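One structure is given here, and the rest of the page talks about it.
Residue numbering begins at 1 within each chain, and the chains themselves are lettered A, B and C in the order written.
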Amino acid sequence: MLNLSNINVNGDWINWGPTAEVAEFHQKMFQGFLAQTPAKIREACYSEGRLVHILSAEHFDLSFLEKICEVTNAARRINKIPDAPLKKLLRNKSVLNYFAQPSSRTFNSFSAAESLLGMRREEVRDLRTSSAAKNENDRDALRTQSSYYDALVFRNSCNYFDLFALWVMQTSQRPIPIINAGAGQEEHPTQALLDYYTIRESSHHRVDGKSFAFVGDCKRGRTVHSLAKILALHEDIEIYFVAPDEYQIDTTTETYLQDRQVRTHKITDGLNNLPEIITGAVYMTRIQDEHDQDKRTKRYDPRFIFTEKMLDSLPKDTVLMHPLPKREEIEPYIDYRQDKNIMLWRQMRNGMWLRTALFAHIFGKDDKILDYYHSCKQSTAPKPL
Amino acid sequence: MLNLSNINVNGDWINWGPTAEVAEFHQKMFQGFLAQTPAKIREACYSEGRLVHILSAEHFDLSFLEKICEVTNAARRINKIPDAPLKKLLRNKSVLNYFAQPSSRTFNSFSAAESLLGMRREEVRDLRTSSAAKNENDRDALRTQSSYYDALVFRNSCNYFDLFALWVMQTSQRPIPIINAGAGQEEHPTQALLDYYTIRESSHHRVDGKSFAFVGDCKRGRTVHSLAKILALHEDIEIYFVAPDEYQIDTTTETYLQDRQVRTHKITDGLNNLPEIITGAVYMTRIQDEHDQDKRTKRYDPRFIFTEKMLDSLPKDTVLMHPLPKREEIEPYIDYRQDKNIMLWRQMRNGMWLRTALFAHIFGKDDKILDYYHSCKQSTAPKPL
Amino acid sequence: MLNLSNINVNGDWINWGPTAEVAEFHQKMFQGFLAQTPAKIREACYSEGRLVHILSAEHFDLSFLEKICEVTNAARRINKIPDAPLKKLLRNKSVLNYFAQPSSRTFNSFSAAESLLGMRREEVRDLRTSSAAKNENDRDALRTQSSYYDALVFRNSCNYFDLFALWVMQTSQRPIPIINAGAGQEEHPTQALLDYYTIRESSHHRVDGKSFAFVGDCKRGRTVHSLAKILALHEDIEIYFVAPDEYQIDTTTETYLQDRQVRTHKITDGLNNLPEIITGAVYMTRIQDEHDQDKRTKRYDPRFIFTEKMLDSLPKDTVLMHPLPKREEIEPYIDYRQDKNIMLWRQMRNGMWLRTALFAHIFGKDDKILDYYHSCKQSTAPKPL
């Protein structure tokens, strides 16, 4: 979640209106909304005790996480049962996938989850195609788009688009649940959820006391920020941020973690033998140089490459993760290895099931999935991971 | 509907063929088609007494309008009933949405309606992507596209694309119903239908004797032309066209209305106190400057802005409408008001239901909706608007 | 199928990796895969005796062709029966349509087939949109995309993309069936299947002993290559390649056909009276000048135009075919003729049904379609073509 007082609504690309007067008017209304405390905003994301707007990892708590992970497990298993009720669960609901930034993984994963639940799906891949031609302001554009749907999933390069969307919903007469699929450099809460689910499953539901290494771009990797905040909900967590100075974790996030008793370390000289002592996960990331002013791709520092040798020396239960896309930060031969603790691709498919659970949660159908799962003892149900 | 004798088929962008000889051949065939009277063309839009090609507001009559509005009401209400048959009504039908001009509202509205009826939907958002690369002529392109579907919805910048599409259908061996979702500057018949539905509902089905104000761009607003023609079917209608000279209503449309006993007025000096005496609807529009040669957006004349003060002085049953997108022609504070006679957003959602009714009509399933609605006395059915 | 030893993996546009070292590593792995014999690769396209990867017309045999055609016939007929089981057949399967080249016909045809079977469909129309921005290599991109689906349909300008895709599947832990919807200039196996189906139906299942004329661009028309290879499976086939020298059939394909006892002829001086002696089909094609370096469209040689006079002199059972899009190679008046042996548009719709049968085959549901068809004697079932 952004530091609300820092938001410069004039400085960003949002189209506030066709004239300076109109723009200023709406900006002032929005700033009134931002004047609330973060706690108030978190509260605004709940409806009848249920988290319905998925905007930030800071809004999650352990009971929410546990429930979502259980529903994820149940959903993936009952889907194998012929004529299981998954496809009928949300067949009267519709969703708009509003992706103003390129995405393949996240987009396809949401789309697959929506389809598994029988939802009607629509997509807008370019925010500006339709409205800009006629100079419609983005408030009207979003309100229009949301009018035909029951939920909105968005990705946007604007840092505060999540709050903008929440505000538009709250000031419309037909608010619908909204899901942040990546806004700006700050947060990517659903990726964090699927990463957490992957960690929880591979650690046999014992996350307390584990250590983790985040490697690569700790500064701008939005999944790093979101996942670390979730891990901080557990007891006795140790996190190593492994990156050169220029890509090291920011002070705000580090302080957030330390305030919650996470033991943090900054490692700036390379991976070295670190993987051997990690008990949870080594989480690799690519350098997010699409955010750089200077557009030349810099060579990745080889001291931070995860090598085949490191894979061979990983503790038995420690997993190798990467939110993908990857570049050169993992040695290519690892692509052809079949080791069980390489989680890259399984992690990705987990996302589809996690998002299925998330929609079920938002629309209050998660217990239906759990009930069905517990009631059926079908031999066709696949075993746990 | 265009003045057929005015169509210059050479002057427009339609790809008639790869060589001058081929192009000339097809143009001659098309001109043979255009040589028919408007009455003949209207007749060609009917099949077994049913209007199946929705091309122009001039083709509607009061009995069609009344039926469509009733089906719209029935459809929106039975959709709330669990397992209502709406989704199965057209599940064996497919439709192509062929939008060569930018659109978000109309496109999403059609798409939602199609989905509510269980139709298979496909979209082409750029007419030229596929065929142009291989220099296919547009006649073949349209015939190809239509081959896989049971209905065609199109938007196009070409003024006579509606007639072109009708001709292609009639000379193919597999004609399918076609729906004009906005061709050129002339017509937008489905928007006019949803506007009419909104007016009819908010006037408690008493449109005769009402007065209306069209404000903004009366010259090029295709919804203004189409809606005014529909209103002209009623008795004792009064219409004020409120716009500066350069955006005033054209003589052809004004004559059309006067021939049908509509009392028309041109107001060129601003809205002033006019809203206070309007008994039907104040219909605002933006300046359609995307049609201008000169690409600079001109400042909207403030005398034609609908103000909060005007809202407060509107007669009780008079509604404020706008086809959207809007710009500065309505004061921004009105966005945050909740008054019942602000119809902007309800109008938009009405479009989804109106188009649902329209597809049901085209495929002869409208009576099924009415029958189901009348047969069920379920308490879950929502009340009328 | 390509001559494997000729593939220059460095010379093509595939993104092999972010650095020279990574790229070289993966290229070496791929070249190991290519070192297999064509027979081994054909074998790799089968799973439990069933052809599941549809890559090349060279992989088909007569029993496969006969089965597919029968299933096609059955599928198109049972679809007319209300509540026929077609739409439920593959409702638990999903498919990605991965089209990196423009296409309308093939894309829509696949999409319609998938929908008729109730499959979940997703599309990527530009390979580079998502992955390129973050410099993901194409191996990861394809593996990612395929992760969420049960089948992959692709079109690509890269000549060896079919083999690349097969290799990616084989080295992933979740291989899915892949279908070549047109890769490079070499092959278009599903178009060849629908053309074959059209020929088989119009010849009343007697293809042996027939003669065929391929006219236009025999050199680069990928459907010409694929269809001729399929026809070569029959006895006593005669093929005329009718094209100027520069567009004549290549020696590799001609030798392939002659090795299988096809009597081939090259005709370079025009169509003349040839149609009168063709007993199977006159198969017209356009000049594929999108492959030319020189981008100027050349005028089509009028001696190779199919004229109305030729249509009138065609033997009774001989059909006129064209894979479309067409340009000037068929006289325009023929567009307005209704003769039964003009197969252009029926051929196109056949493609939808052929592809329906193909998906049913791949997922082992083809016998379900045949069984249902044979079991029902409903009077509503339409007659054979």
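Everything below uses one rule, namely that contacts are C-beta pairs under 8 Å (C-beta built on N, C-alpha and C of every residue); 3 or more make two chains touch, one makes a residue touch a chain.
What you see is a predicted model, and the numbers here were worked out from it, not measured in a lab.
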Quiz item: Nearest 5 degrees, what's the C-alpha rotation angle taking chain A to chain C?
Solution: 120
Practice problem: Examine where the copies chain A and chain B touch and state whether the two sides share over half of their residue numbers (same) or under half (different). | Solution: different
Quiz item: When the C-alpha atoms of chain A and chain B are each averaged to a single point, how far apart are the two points in Å?
Solution: 41
Self-check item: Shared-contact residues (touching 2 or more other chains) in chain C
Solution: none
Quiz item: In the complex of these two chains, what residues of chain C are touching chain A?
Solution: 17-19, 22, 25-26, 29, 91-92, 94, 120, 122, 124, 129-131, 133-136, 139-141, 143-145, 147-149, 171-174
Self-check item: Interfacial residue positions of chain C with respect to chain B in the complex
Solution: 82, 87, 102-105, 107-109, 111-112, 115, 286, 290, 297, 299-300, 324-328, 332-333, 335-336, 338, 345, 348-349, 352
